[in-house]
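I've put the structures underneath this note.
Two complexes follow with chain A in common, the first pairing it with chain B and the second with chain C.
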Partner chain A sequence: MNDKKAYERPSIQKLNTGLMNKFGTRTEYKPLTHIDGVPVKKIVEEFDSPVFVLSEKQIRENYRRIRRSFTTRYPKVQFAWSYKTNYLNAVCRIYHQEGSWAEVVSGFEYGKALANGVPGEKIIFNGPDKSEEDLRLAVENSSLIHIDHLDELYTLKRLCENCDQKAQVAIRVNMDTGVYPQWDRFGFNYENGQAWDAINKIMASPNLQMVGLHTHIGTFMLTPSAYKVAAQKLIDLYLGIQRKFNHRLSYIDMGGGLPSPNNLKGAYLSGSDLVPPINDFAENIASALLNSEIPIDELPLLIMESGRALIDEAGYLVGSVLANKRLSNGKRATIMDFGVNILFTSFWYNHRISPAQPFSQYSEEMEVFGPLCMNIDVIRENVSLPILKKGDHVVAHMVGAYNVTQWMQFITLRPNVVLINEKGGLELIREKETLEYINSQERVPEHLVKI
Partner chain B sequence: MATKDHTQWNIFPEAVANSYSMIFFSMDRWFAVLLILLTFIDPVVGGTGFLAVIMINALAIFLGLDKGIIKRGEFGFNALLVGLGLGAFYEPNLPLLLLLFFAVIMTLFITILLLGVLTKYGLPFLSLPFVFGLWTVMLASRNFEALGISQRGLYFLNELYAVGENHFVVIYQFLNDLHIPIAIKTYFRSLGAILFQFNVLSGVVLALALLVYSRIAFILSLLGFFTAYGFYQWIGADLTQLNYNYIGFNFILSAIALGGFYLVPSRWSFGWVIILTPVLAILTSSLTNLLVTFQLGTYSLPFNLVVISFLYVLKWRSSKTKPEEVSAQTFYPEKNKYHYLSDLERYKNYRMVPIGMPFMGEWYVSQGPDGEYTHREDWRHAWDFVIVDENDLQYQNQGKDVEDYYCYGKPVTAPADGKVIAIQDGIEDNRVGAMNLTQNWGNSILIEHGLSLYSQISHIKPDSFKVKKGDTVKKGQELALCGNSGRSPYPHIHFQLQTTPYIGSLTYEYPISLYLSRENNHDKSFHFFDFPEEGMRLKNLEAAELMKYTYYFMPGKKITFMVDGKKRVNWECKADPYNQTYIECEESGAKAYFQNNGALHYFTSYIGKKDTLLYHFFLANYKVALSFQKDLKLKDSIPIDLLKKTGFNWLQDLMAPFYQYKKAGYVLEYTKSKGMIQLEEVHLSSKVNLQKWKKKQVKYQYTQIIKDYQVKYFEIQDGKRTIKAEQVIENI
Partner chain C sequence: MKVDPNIALSDTGFLFHASTGDSFSVNPTGLRILQLVKSSKTVEEMVAVLAEEYKVDPEQAEEDLFDYLQYLRQLKILIDE
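And then the complex of A and B:
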């Protein structure tokens, strides 16, 4: 810290005599000047602000850590990368390099997985929206088709009547795992017998090869024992199929929904205190399988479709302060150059925000806004941050999941996405959009050409 | 089992032939034929010998004695020697024939008596039955007036003329006229004397036959004889003993027996031949002097005594020293050596019970055998396992709490099928850094995996056992959770194998059957019956169902291949009474012996013609791990005699006891697989290499596709020739 101390504008703080915060005043904020050893300043200089930054090192480390939680508890484990969480090709390929299969929920994602070189049989096709064309392709490629509803089952049956290949299918099962809300809009219900109905129909059709069972009990699950209940219910179906049809399924897919240690809005505790460790989830799932009636040498493959838990922590959003202002009630407001347009997840998380340069011990309560000319564009309603001035850089944490798939070019265009490779080099993995790019998709009718 | 009467007699011709060659520890067909012809140089000797062989083998079959022993000629060769002896000493007449018959019965009895006694000690009976048999007859015959002492030996030329007319006589004269040094002449005579052919001609023929049968046996015959000759000269002993008493063959037979048959031919076995020759000479002299009182010849008694006693001495060895005994007899000294050399590499650490590691996923060896901390002295063959992350750290956060350690609370599994013998529970986990030295093993479990094989896992989390004493457990079954109890400053598991059923017994050096190791994060390597080392990241490699069932050649299973789309080849899997399993080619009778322990299939030997599909199948699947790991290679060594057409081998044979310049190797590569969830198809590519000095050359190349629990497609690349075979699916 030989740098000259940065100038900070003076600030006035009201002394509060109310109840003390149970956790004390938050003064532990540290500046995040480097990501994986690369100066934030350099990233902004090279790739502008805002910019998404992903760390390959953290992606791999996280993946291996979570994978280890499972493989040291259960002998046959396979991860399938959830494309909807982050389908940038570079990101997907890191997971594929690590041995992950692909889990896709649309024809578009399916195409992306194929283009990433994933063999058809390593693609799991989930979701309620699979066109006939998608299904036909999936059957041809021997992909694992997880049937969501009876209409899909009938379509698939009809398609397969005319081809000599059997479709590799599983059903998605929804169930009561003791948590609220119960996700019952996808797949077939376990308790009311829909699941068995679908199983019977599949087992009766010669062109469908039933290979597994799938469930996905929810998202950002905070109750590990729910997975145990889910696994037990799937095992019950598994054993039932074995008894009834003398048919052994190959895998049990427990879906995703594992949480990342992000701060949920409305939660009293911070993410790191609230979210159970992945080990607990692994323990619940593995013990349900190992302690079941299934003989040890016939255990099915366990597939995990985790997305968020694997990548959230490896993603950063680097932005800059556009302006400071004071609201009518006297509260400080800071306007950043990124908003809900690209940080979609700020709708449900209180993303931690760190300044990217050193600061003094003084901090201010403030509201952080995005750049949109739209009232909803709020990043943090209330956060205590050091004194920031125009042009200062900030880093939003844990933005790896869902943002670069759910972002939009509402009002402004989408920025660069940069990957810090394992050697600390910067790689542009998605170029920021340009006006030409957006316009190239548009067509102007003849009569509107001349204005 | 087939009916007795008909099949028993099938072995008769083979038994007769082997009765001849077995004198020289051989089962070589051509060698036997030559020996038969050679005995007929003296037709009476040949005739009585042949009759004796016929009689004893017929008698043995009639009595229903062990087929294998009969077939190998082990009953026959002693009777043959008695027959030859009687033929040589007495005039041929009816009384002699009768006497021969009873002598044969007696020889058989003596043989079985000795067999029963000596086999218990793992010793051969050699030609002791012959010595005792001939003595008995000789001693008794002094009272039998009907027997006339033969004088044929005196007029040898007459006999030669009778058999081969002028030709033999000419050769005989030629050999006699040649100024062969007396030593060499005596060598030939001694050799001939083994078959009671007391002449140089027989000796020369026999020497040549011996050379063709086995180069090592031939040089051993020279080594034994000339060492003796040298010793006699040096000590000033009566050389006539060697010249006229025809006892020189004792040295020859002893040299072959010890130098290359019972012991693996090496400089050690050769050395012992040289050392034991004077012993043999002393014994011969003393026995000759002793027996002369009874007017009995020593015959092969010295050879018998020296060989049997030396083999017995070797059995008392408590540590592995040289020379090594031949474990699986091939009846060729060269092969004994080649098989020994390749077995040395093949079965270095091989054990019948495959033991895995007691965990799931990838763990790390924090202390290996002969470790720095506790794996010392009698407890040195043990491993400590922990889990580490990509940065080689065993814990997250600060590592101050046991829960910070990755391995803490992780399942501990059964390393192999077995039975829980003992469980020790109730010892609290230590805080990180502390140790419980009074209950140093901590919570432990002991599992019995077979006779005198136990595994112990220690430092388990208290109250986490999922099995109890007396439970049978399956490999990979969860037993308990990793903890930090006992002498454990940080969470880990201690794993050891032992031969006694107590917690904390001395450790036993035993390899892990099948695992993948990873060093520097990426270099994966494959281990078979190997010892994990400190600093390795390890993962159990499980057998794949497809591979397991494909190589499950259950006795009775029939396999049919269609070769090049036209020729059908049928095989059947069988098991012999000794529980040895093999695949037999119906057409040629060729047999490929194999073993399978659930982790590994390997062929142990091949008997039969080397142009069958089975022969190539044997080479292609010489050793196969029953799992799949792409791009991993498996290597092995093949005895060179199992390859055909490897060029002129005599030089290598001669050098074999000392140096091997010609080697055959096997490489198996797992090239491709299909089926993502379960293995559905596996592509194997194997190679057989022949290495001469430094030059390596690929001899055969094989491609196999395994699917539907069968070797579906089998391609042989033999030089420029390609043979394609497809398995025909029979409806069961």
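And then the complex of A and C:
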């Protein structure tokens, strides 16, 4: 009985020598059996599958590394954690412990930041949607309000007429930095004079205190020099304000948009080959500021609102194989217990997927699907992976950014989110949803109670 | 059901289809099944052999065997007699 051979599902793979194909080459040579020293099997046993896993150690290390890229080049740097990237309270608090302020884009996120204990003056309020109530609260708390449009500016002016204190404001500036697409839907445009016009309106308002300038030139930016162009344009406005109003701004906020080394769909190169080092972005921004006409002892605070670059690598999604099947053309299809409902970023990334148990040297070209009964539920269209069987565990990499904020309660419930603390302990930081929880938000009209 | 006579199969799992020029790699289980087909075993006999030689229950072996044989037919490696 004991001398039976280990079983692996029979497999045949066509050999394509010398030619590239859409599946690419095999990428997995070692199973990912542990995350931060914790066995994946143990995580599944305790918290079910699928389960999001975040590494506190990697979050902190990444933050310190990226912050150092800037602080070694510029004397006054402040990071503000981008709440929308991942606003689980435990995650936000790690960044706040590290010294990050909060960057929020809604009343909901603003409330979260306050509840996380962030002082009002260390909350940056961005975005086009700020209600009067949100703005009133932000003024009272001396938060940094980044005005997105004229309607907001006029609302704020009106609200502040009866206030005892001045609103601390900046404007968001959009601009041509030489990259496509140009983001012009947020803030005021630099080139056509909207931004300067808005600045003049603010400077003429006794109840608004202009404290900074903000831009956010795009997302997953691959051109570090675009940040130099952006910084130079903000510096031009900064100097213009100083010249005309003899007013010195406290900060220049370069926003976020820094990429993580994830694999973008449609890119020929993998993320690690495609994405420039963070040092390049830091160098472009810092040199623009240092080389400007601003005297060294008057340099403004540089604020960075990075999200994705800080957390993507610290997040994993552990899942399991539900089934194997074969498509009509003979292609292998593997169905996982996680889909686009919780791995929203698979719409734009080819997430690397590693088996979590040992495997042979044989691999199969396959399409990886999620569990939803919807045709859109595709995790990887073409990937070469070791032979997987029902019940095997897999780990999707670099899922820390945007998934636990953009995930959908669609068809099924959202899973547990676990943090591996710095001592290797497992902490549940968001409990999986239950049918009772979802139903508790619903109300059934009287005439529909009886069916 | 038999293996196309134009196919050369090595002991290490390299398979060459002489009439199409295609070459394939099979894993050890896949190779064993091709050897069983060559020795004219029936599907039931093949399941029994797999369950005897490998750490797998007959149901799983049968499910995988059917999928594999069907794919081999699609690749024109197996042909009907």
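The rule is short, and it goes like this: the second predicted complex is superposed on the first by the 435 of 451 C-alpha atoms of A that agree within 3 Å, B and C clash if a C-alpha of one lies under 4 Å from a C-alpha of the other, contacts with A are read in each partner's own complex, and residues count from 1 in each chain.
Everything below uses one rule, namely that a residue touches a chain if its C-beta (ideal position, glycine included) is under 8 Å from a C-beta of that chain, and two chains touch if they have at least 3 such contacts.
Keep in mind the model is a prediction, meaning the values are calculated, not measured.
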{"item": "Touching partner for A:Ser250 - first (chain B), second (chain C), both, neither", "value": "first"}
{"item": "Partner chain in contact with A:Lys5 - chain B first, chain C second, else both or neither", "value": "second"}
{"item": "Touched partner set for A:Arg60, first chain B, second chain C, both or neither", "value": "first"}
{"item": "First, second, both or neither for A:Tyr74, with chain B first and chain C second", "value": "first"}
{"item": "Chain A residues touched - chain C or chain B, whichever exceeds", "value": "B"}
{"item": "Which of chain B and chain C A:Ile411 touches, first, second, both or neither", "value": "neither"}
{"item": "First (chain B), second (chain C), both or neither touched by A:Tyr362", "value": "second"}
{"item": "Partner chain(s) touched by A:Leu150 [first = chain B, second = chain C, both, neither]", "value": "neither"}
{"item": "Doubly contacted chain A residues - partners chain C and chain B", "value": "none"}
{"item": "Residue numbers on chain A that touch chain B, as the complex places them", "value": "60-61, 64-65, 68, 70-75, 78, 101, 119, 121-122, 211-212, 250-251, 279, 283, 286, 290-291, 295-297, 301"}
{"item": "Residues of chain B that touch chain A when the two form their complex", "value": "359-363, 387, 389-390, 406-407, 409-411, 466, 474-478, 540, 542, 675-678"}
{"item": "Chain A residues within the chain C interface of the complex", "value": "4-15, 17, 324-326, 330, 360, 362, 387"}
{"item": "Touching residues (chain side chain C, partner chain A) in the complex", "value": "15, 22-30, 32-33, 50, 52-56, 60-61, 64-65, 67-68, 70-72, 74-75, 77"}
